[in-house]
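Each of the next two complexes has subunit A plus one other chain: subunit B in the first, subunit C in the second.
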Partner chain A sequence: MTQALNSSSPARIVTKVRPRGLRPVTIVSLVVMAAISAMSLFVDGYTLSSYRDVLLLALFALSLDIFWGRTGILSFGHATFFGLGAYGMAVTTIRFGIDPAWASLAGLAVGVGGAAVVAAIVGFFILYGGVRGAYFTIVTLALTIIANQIAVGWSEVTGGDSGLIGVPPFAAFGLSFDDPVYGFYLAFGFLAIFLFLSLWILGGRTGLVLAAIRDDEIKARTLGYRTQFILLATFVISAAIAGLAGAVYATGSGFVAPDLIAILLSTEVIVWVAVGGSGTLIGPVIGTIVVWQLQDRISSINYAAWPVAIGLFFILLVLVFPDGLPAYVVRLAQKLRGAMGRQS
Partner chain B sequence: MTLTTLSLVNVSRDFGAFKAVRDVTENFAPGEIATIIGPNGAGKSTLLNMICGTLPLSSGAITFGGKTVSGQSGDKIARLGIARKFQVPSVFGSLTVHENLMVSAVRGDLDVIERTLEIVGLTNDRNVRSADLPHGKKQWLEIGMALSMKPKVLLLDEPTAGLSVEETKATARFLTTLKGQVTVIVIEHDMAFVRDLGARTIVLHHGAVIASGHYADIEENELVRDVYLGRL
Partner chain C sequence: MHMALSMLLNSLTLISILLIVSMGLAIIFGLMNIINLAHGEFVTIGAFTLVAVQAHGGSFWLGLVVAPVVGYVFGLVLERLLISRVAKNPLHAILVTWGLSLLIQQVLQLTFGPEPQRVTGPFSGSMSLGDFQYPAYRIFLVAFSFAAFAIVTVALRKSRFGLDLRASIQSAEMSSVMGVDPNRTNARAFALGAALASVAGVLIAPLTAVTAFMGVNYLARSFFVVLVGGAGSIGGVAAGSTIIGGLETVLTYQIPPTVAQASVLAVAIIILRFRPRGILPA
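This part shows the complex of A and B:
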């Protein structure tokens, strides 16, 4: 038998891992991203600037989905990495007096690097320490609280409660993204790159290995996988992308404040991912846009109503849609189809 | 493939005051098939857990090809060529049969996957989500996953649990074909299956080896009979 497995003769049946054609999720992603890219033709500069921020928040949601959606481990502290990216950019560009031509790139490096290093240190201790499930979620929740306290308390550097104002628009290689259209396409470009890159990588064997670890980590280890390292690497990459989203977000809004590194944002990003469907990659992008629209409507009625609404929605998600809204809709549709089938 | 000897030297495992495995010393020759039998709680699965690195030893040593592997992580031991099938079928439920083998096969080699599917009779189930497979097919899928790693040592914990009589006989016939190609260590309760394998049989009781030899001799061993009849 093992001789048969070791034989170099071709197998009788050889099929590809998956069809070479585009997968449904890739097609949906292409359609959604094409629709978003055309937005600049139809909306004004102000709306475009708002959507620039939404696309960066969608990139943030994508970063969480790469970790949570694939490993099944929920990080309740992803705002820490988004905030680190934003503060890294703000502190570097405002306080260091770097040549404006290079300030954005330096800020990007500090923001992304800072988020990755913090994720690597925290992730090393908790993932190699065997912390999983709800305990992982609690530890990362605590991380956000600590990071928020530092952002508020270390006022000489972070500006304290007021934050830092005056982050310059993103500029690199002689190009400035001050114009709303350029800013929009900068955000769109980053989102498109990481969305299609993650669809490509996680659509292959890497995604299967992560799913295997999610299903049964001990079994995956007995197949020879360094599961702790794989989880840590995924966590660090996810945090780095969140940091990148935060860093570019700061250059768009022009300021950073402690609410970029707070529990509310950590909660919101979970809701965005859950609404769109965790593990789908394009789902969190759609979820972010949908929930942001909802936030816009609710906040226009009463600004204070949004935190209450998102809190209630979060509880609803946990109790009624633990697998996410799309999974609930699919199950409901299957039930309806079954019921209709029985009636006929 | 170079086959190597697996050696256990005074291997012991304690859980507090309870000694689950006591001073087990055994050598498994390259390509040998061996069965480990014993009543519930004899320490059989604990022994396998120590060999594949999911449980550390309290004392003793395990060597593979002359190198000490005890104390190394489970993933490293697996990469050395020691594959394991768990007592309860352990497959990745959210993945299809084919995807499970994609994960287990060395570098996701498609040829190996196709051959494995044929060998374990799951070619027609390749696109079935493994959580939806019946118990027997899950057992075979897990055996297939272990084989697709091209292991040097195959550890099988109750491979026939939940299988029909025919399936059990087929498993015995199949494992016999592996003789000389891969070292196979099987834990089993089904004595008919152990007899069909006709391999060296090691009897564990209260964590210690009380007999070792050909099944025919073991069957006649008074001490073993007493243990199985509950007289000891």
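This part shows the complex of A and C:
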């Protein structure tokens, strides 16, 4: 949770940005993604389509981590972009009567474009206005509230409280992803592309620049980096990926409802990232899968139990594991190893 | 003429509600710099205190007296148990208070049930200004809020507690050397903020549906009031409430209420772009 870089070793002169060989996080990512890709061999259609949704939510968590994990600025409004993607897809495919062969691609363009444009406008006003840190979080929180009100209130377009039903399955270039296995691999493909792309890009120079901005924005600006533009670009890219996840999610489930653009979803995605460890990119993917399993069990006990569990989780997270769960587990393991070492 | 008068009075109603909710937040967020995302739930707690009081045969006035006490005690306990531990780290404060807000919502919903609660206001009639009729309760609400705002403003300027608070915010170290206990001051200030929000909850209750989730409506707005007005200044709360509340009411006459609320928050974001420290910075 707190930025680990503050406590890391004193600055070294970095001559080679990209270390040779694979980094541990890349190896973990390869193993996890390989395990996920083999899943279609073991589970049946229905479970596979619910895992398709989980993979898209994991992509959504990854998009938040690209911004929050790397810039240290928490966005409480990422559900806005996921929801814009989903509603963009639904409204385009249902309301406009576009040729079915192109409807999904048009919906994708509207969804992703809508999320990116809203992020660019809002981001321009607040990031260039110097709004940072906690203030940014509040403004993005308000953004989700606004977006939710519009989704509920503007019922001629969005279907109001009941949402829109009948989003066609994703289809492009003559391929239809109606079948659960195809749908699963569509989601898997998007997740894999963006996971490895972001690992590669953020593992290099761009990642270092973002870390510099996170640690001391004024210093980074003095060194000649256009920090406001870099932050805005990261925010827009992150929002566009969230929009993409939302758009594909809508084609999978076939309907959209205002809870895809609500505060609770913004909150849940923070939980997924925090459980997996923010800034690690693969962590949020694992976090989403783990928490989703948990949510499934807890919600089946009682409908109200899940918000209570999230509430307690946040309080515990801060009081017991202030550096995030993975750091806590690592420290616990080190302590155990130390204790064992003394005994032998 | 009537239209203008009713627009003015409706604006004043919303402005005075925002004034009290945001004054609590101005102390907690503006002065103490704690991001309290459970502030909306303090409003809800006030409204539900009134529901509980009236369910036991008490009057509105009893509720108006009991609610700030409940809010104050709740705020005091909360500050000691949780908030004081996270006050230094904004991200931790955000997560803890948000978790708290989810918990409070669910506990209230489990206790009182999901259906909206009904409360009765103290006045049912309307007052006439010339040949213009306006609900008496709303006029009371406006007068009460402005009086409360004036009292708290004077109290923060003139009382010993106000002095302690301002001193310990400027420098906790220096003021503790001078004999001001910063822990105690912070706890009391946080509790005061919670008590003000609870009073606002009682005042809102007769005008709206009382549900466990009603606080969310006031959370974003009150943060914007404080940000637009200028964090750290009580005068800014008046300016911020006037802009946010006034604009929203006027727009509601032209466009649907949800779109009006959305446009007001959009305007607030634009104002922040050009005056990042608010209209009347401290």
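Assume the second predicted complex is superposed on the first by the 310 of 344 C-alpha atoms of A that agree within 3 Å, B and C clash if a C-alpha of one lies under 4 Å from a C-alpha of the other, contacts with A are read in each partner's own complex, and residues count from 1 in each chain.
The rule is short, and it goes like this: a residue touches a chain if its C-beta (ideal position, glycine included) is under 8 Å from a C-beta of that chain, and two chains touch if they have at least 3 such contacts.
All of these numbers come straight from a predicted model, not from anything done at the bench.
K.L.:
Figure out whether A:337 sits in contact with subunit B (first) or subunit C (second), or with both, or with neither.
P.N.:
After superposition on chain A, A:337 lies in contact with neither partner.
K.L.:
Look at A:139 in the shared chain and tell me whether it touches subunit B only, subunit C only, both, or neither; answer first, second, both or neither.
P.N.:
In the superposition, A:139 contacts subunit C only.
K.L.:
Which of the two partners, first being subunit B and second being subunit C, lies in contact with A:126: first, second, both, or neither?
P.N.:
second
K.L.:
Could you say whether A:23 touches subunit B, subunit C, both of them, or neither, answering first, second, both or neither?
P.N.:
neither
K.L.:
Which chain, subunit B or subunit C, ends up touching more residues of subunit A in the combined arrangement?
P.N.:
On the superposition, C touches more of the residues of subunit A.
K.L.:
Once the shared chain is lined up, is A:215 touching subunit B (first), subunit C (second), both, or neither of them?
P.N.:
A:215 contacts subunit B only, not subunit C.
K.L.:
From the superposed pair, tell me which subunit A residues show up as contacts to subunit B and also as contacts to subunit C.
P.N.:
In subunit A, positions 1-2 sit in both the subunit B and subunit C interfaces.
K.L.:
Residues of subunit C touching subunit A in their complex?
P.N.:
The touching residues are 35, 37, 82, 85-86, 89-96, 98-103, 105-106, 109-110, 216, 219-220, 223-224, 227, 256-259, 261-262, 265-266, 268-270, 272-274, 276.
K.L.:
Under the definition above, what is the set of subunit A residues touching subunit B in their complex?
P.N.:
1-7, 10-17, 205, 208-209, 211-212, 214-216, 218-227
K.L.:
Which stretch or stretches of subunit B touch subunit A in the complex?
P.N.:
Result: residues 1, 52, 54, 73-75, 78-79, 83-84, 86, 90-95, 98-100, 102-104, 108, 110-112, 114-116, 118-119, 123, 145, 147-151, 174, 177-178, 181-182 of subunit B touch subunit A.
K.L.:
Which subunit A residues qualify as touching subunit C in the complex?
P.N.:
Those in contact with subunit C are residues 1-2, 74, 76, 122, 125-126, 128-131, 133-135, 137-139, 141-143, 145-146, 149-150, 152-154, 263, 267, 270, 274, 304, 307-308, 310-315, 317-319, 322.
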